[in-house]
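The chains carry the letters A, B, C and D, assigned in the order they are written, with residues numbered from 1 in each.
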């Protein structure tokens, strides 16, 4: 499939939409004129893009969960509870994994089971089978904005229905969906699906309805942040090309304070720089942070500490939106009670630290991390542009093929998978193997040095067992 | 009563001991030779003073609760549970308030009730009525050091029995006991009682048994830290004069990160400096931090965040021992389960942050706080020395009288009580009224400026209601 | 010139307890609401309360206790009040009265049985306390305070 | 030259689930313990498992599922295995099988009824899994791993 980073012609978009809306009966409910009207009558306070800009202007940090339930009732009750009891500022419709993979018939079957049994069956909100009307039943019951949530190779129909249903943004992206959510789908196909989604958001923007698009890049697993920042910036540029105007920069916190803060700073600086360079100077960027997706501790007392810990990082990083997992994370889909407790914990921590406007970003450890991170990102990203002859999409397709864009523990067989991360003696993520990434000696030696330090601390060579252990060590109650 | 800061002659000490040991029958159980022998056979790992020095050398932060229960069984079970389930590194025997006030007959009555009813009746461990034998039943069951805990005007017999019983330190001091634990006792009497305690510890040190003495200065209530540091340094110098060799510097965290960190740095620097100046260069000082004693939130999810929050401050401040309240704090004497949950929460946070050895102490906000704090402490302390003609004890007695040593919300009628604190717009404690403290214009203007900022933020003048509200605002879920 | 107080109350902390913040805040609220407040501070015996109440002819005694020993400390207080001719003086107690967790009804009953007219549930806000007091004494609220 | 494996297993994730970390770690442990591991990765149908198991004549199938949809995804699996002549192939499933909180016994029963020989409780460590597997297959543990 031939693909590039240029804006889709209306005609092409229209053809594509006809196919997509035909994927499931509820597609026929989508009528853009009506959707635009629906959004216009919503109070601005329910628009996620406007709300995060307010946070940026007023130096606020908002709290945002990532959860969803299957039936209209369960989902509405969950979000109302999160809004009123959990004091969550922005809400989410986490999409179930059947819908994420366009297995709508399975989603429907699960939904029926859930309605029959009265207990949750699906791991998220099946927005497509609920259709526009069902989705609006949820949105209408709330005062806060709601985002669609969750990477997936094909969220086109999900967006047609989800946005028409009143969601004002989405979190996910083509790169993360490729690495971590598919097995054998070419990256160009997934990018194409996201160009569709981004174009649709662009259309809403053209109608005067801001839509918040939150890129995700890649799922971290003891990954030096450049492994996430590079694909995230690629997602940013793909979105901007289709007319997306409000982009949220997702920072995947892994626990090392200096490295996580440097991630937030470096990503924002370089995203804005590459947007500017590529001629998208009218795109607003805001920042979001969320805790890692490695295995969680099972004990609530410990998880509360993690929730507080990652809230701390988000606040010190000055993000506009701070995401959080819940005390149910290790066990099952978050209940509304567990979610509310979790967000009250995050809120308390936030209400202690936020008003202080303490700025530790000039800390030398943070700057050292920033310095190396920036070099890594530029090295890879510039290579991608070079390979694409200036076109980031063409470059991406080539770079994935050559392992210049690479990820550890990818689910896709189309990924080189040579890169591997390990923690250094302070718990920061370093390259154990930098695979075929186009790094110079300085970068490589930096990581080798850190690895040596860890080996001295352990007094043994780092084995595959060390690496595996690093993946789950937080669930055992410590960063290292 | 004529009193000065010179070491007690043995003869005088002996006379005093005879009187004290006669205060309650169990006094006769105390035999110093036997006590020394008992301590000598204890493993060094059970000595608090040695353990905190290890922490200082190895850059570790230990966790320490502050709790105690009434019967031998309850108390032993509580401490074993805290040690094994709560992973607490140093344990405490929080002393009940009857014993603290030498109402031993009431303590005995309460203890009988507790033994009869099987439920706790006293708010701490009545060490005197339990006697040396009873106390050792608890100590022998543990692997970690145990401290006596809690300010009181007269803990002489408590120390005779508590130390002979195997405790290896104490937290409390004459100044805090005067301001916050008495109604009408002259400060010189309380200092005299503490000279006794300190001399007793000095005796153990002379026998080669390190004893950890943790000064406490004054209970904060929206108090600029110099209000605590000054009396704490006075307590340090009184202890050193009687031969105490291991002193722990208690930092009362009130929640403002920059101010709390500056407290930890300033106190340590000046304590060491004044010890040196006064010729006590062989005293080892270590640092301890603990969360405030203002009203706690009632909801566990919020308290967990506070526990994590204050653990963060302690770690960033590099303290050797980090204290913590529990999720039971607002409700009742901590249960063993509540305590264990609380310390597992603190431990998780510690295990995330500590290994990073992140140093933010050169942060400019921290340094600004340090700068003003140091000026305040020197201004008052030097005046105290001047009033005492170089004798800190004589100076203290005079300064209290003149309101040069002063506290807000003191319980003692003998305190001037003109000083009053209020939070600034970032949640830091500032002087609303500096009373008769010998401050120069620069210091006063600094605080006035901060007060003005708060008034602008509130856009109203600060009223007594604002001040009162600041006292309990954390329990409502926010620093300001 | 200050107008006469609408009612006279004696406040203080009983026993060896040092928790004074709560009652101080309460005293502030009481004064602002027009009560004449005689404050005893901490470390008071039953006799201290009774002596002051008789002296100022108090309409009510507000006794605070947080350290958890209240039950042991108030034994026989009501009888002593009666003997001192304070039958009509209303007796209030509040703070955090017991050290263990038990149903509030149990705690309340314990102290009602001891002869107190009202037992304040922990954490009760000054506003709510003033409202109750004005109702009981038939006085008019001056402040309009949220509970 | 590598010595012959002590037993042959097929591993993979069923359905639209992407949780691969757990089974990958398990595969690593299995290989280190001398098993011949045929890994299918994520996004497999029942047929994918059966096809590979028949092809390599597997002693056991280890099916992983975390996303919470396992019950819907394994329906009829045992019968299909039998029809494919895999009666003797032992069927294992593990991960996090249901999305709601229920007693483990219930969950276990659900999947035993579906024809699985063993259902792994969530968070089970590789060491414990290897031990069980060696017991079931009568093979000898090579690694000595803590549960």
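By definition in this document, a contact is a pair of C-beta atoms (placed from the backbone, for glycine too) under 8 Å apart; a residue touches a chain by one contact, two chains touch by 3 or more.
All values derive from a computational prediction rather than experimental measurement.
Asker: Leaving out chain B, what pieces does the complex fall into?
Answerer: Ignoring chain B, the remaining chains break into A, D | C.
Asker: CA centre of chain B versus CA centre of chain C: separation in Å?
Answerer: Taking the mean C-alpha position of each chain, the two centres sit 31 Å apart.
Asker: Please report how many Å separate the Cα centroid of chain B from that of chain D, as a whole number.
Answerer: Computed value for the inter-centroid distance: 57 Å.
Asker: Mind pulling the chain D residues that touch 2 or more other chains?
Answerer: none
Asker: If each protein chain is taken as a node and each touching pair as an edge, is the resulting graph a line, ring, star, complete or other?
Answerer: It is a line, because the chains touch in a row without closing up.
Asker: So, with touch as defined above, which chain pairs make the list?
Answerer: Result of the pairwise touch check is A-B, A-D, B-C.
Asker: Where on chain B is chain A touching in the complex?
Answerer: By the definition above, chain B touches chain A via 255-258, 297, 299-302, 304-309, 312, 341-342, 344-349, 351-353, 355-360, 362-365, 425-428, 474, 477-480.
Asker: State the interface residues of chain A toward chain D in the complex, per the touch definition above.
Answerer: Residue positions touching the partner: 97-98, 100-101, 103, 106, 109-110, 113, 119-123, 180-184, 221, 295, 298, 330-333, 335, 409, 411, 413, 464, 468, 471.
Asker: Which chain C residues qualify as touching chain B in the complex?
Answerer: Contacts found on chain C: 16-18, 20-21, 24-25, 28, 41-43, 67-69, 72, 96, 98-101, 122-123.
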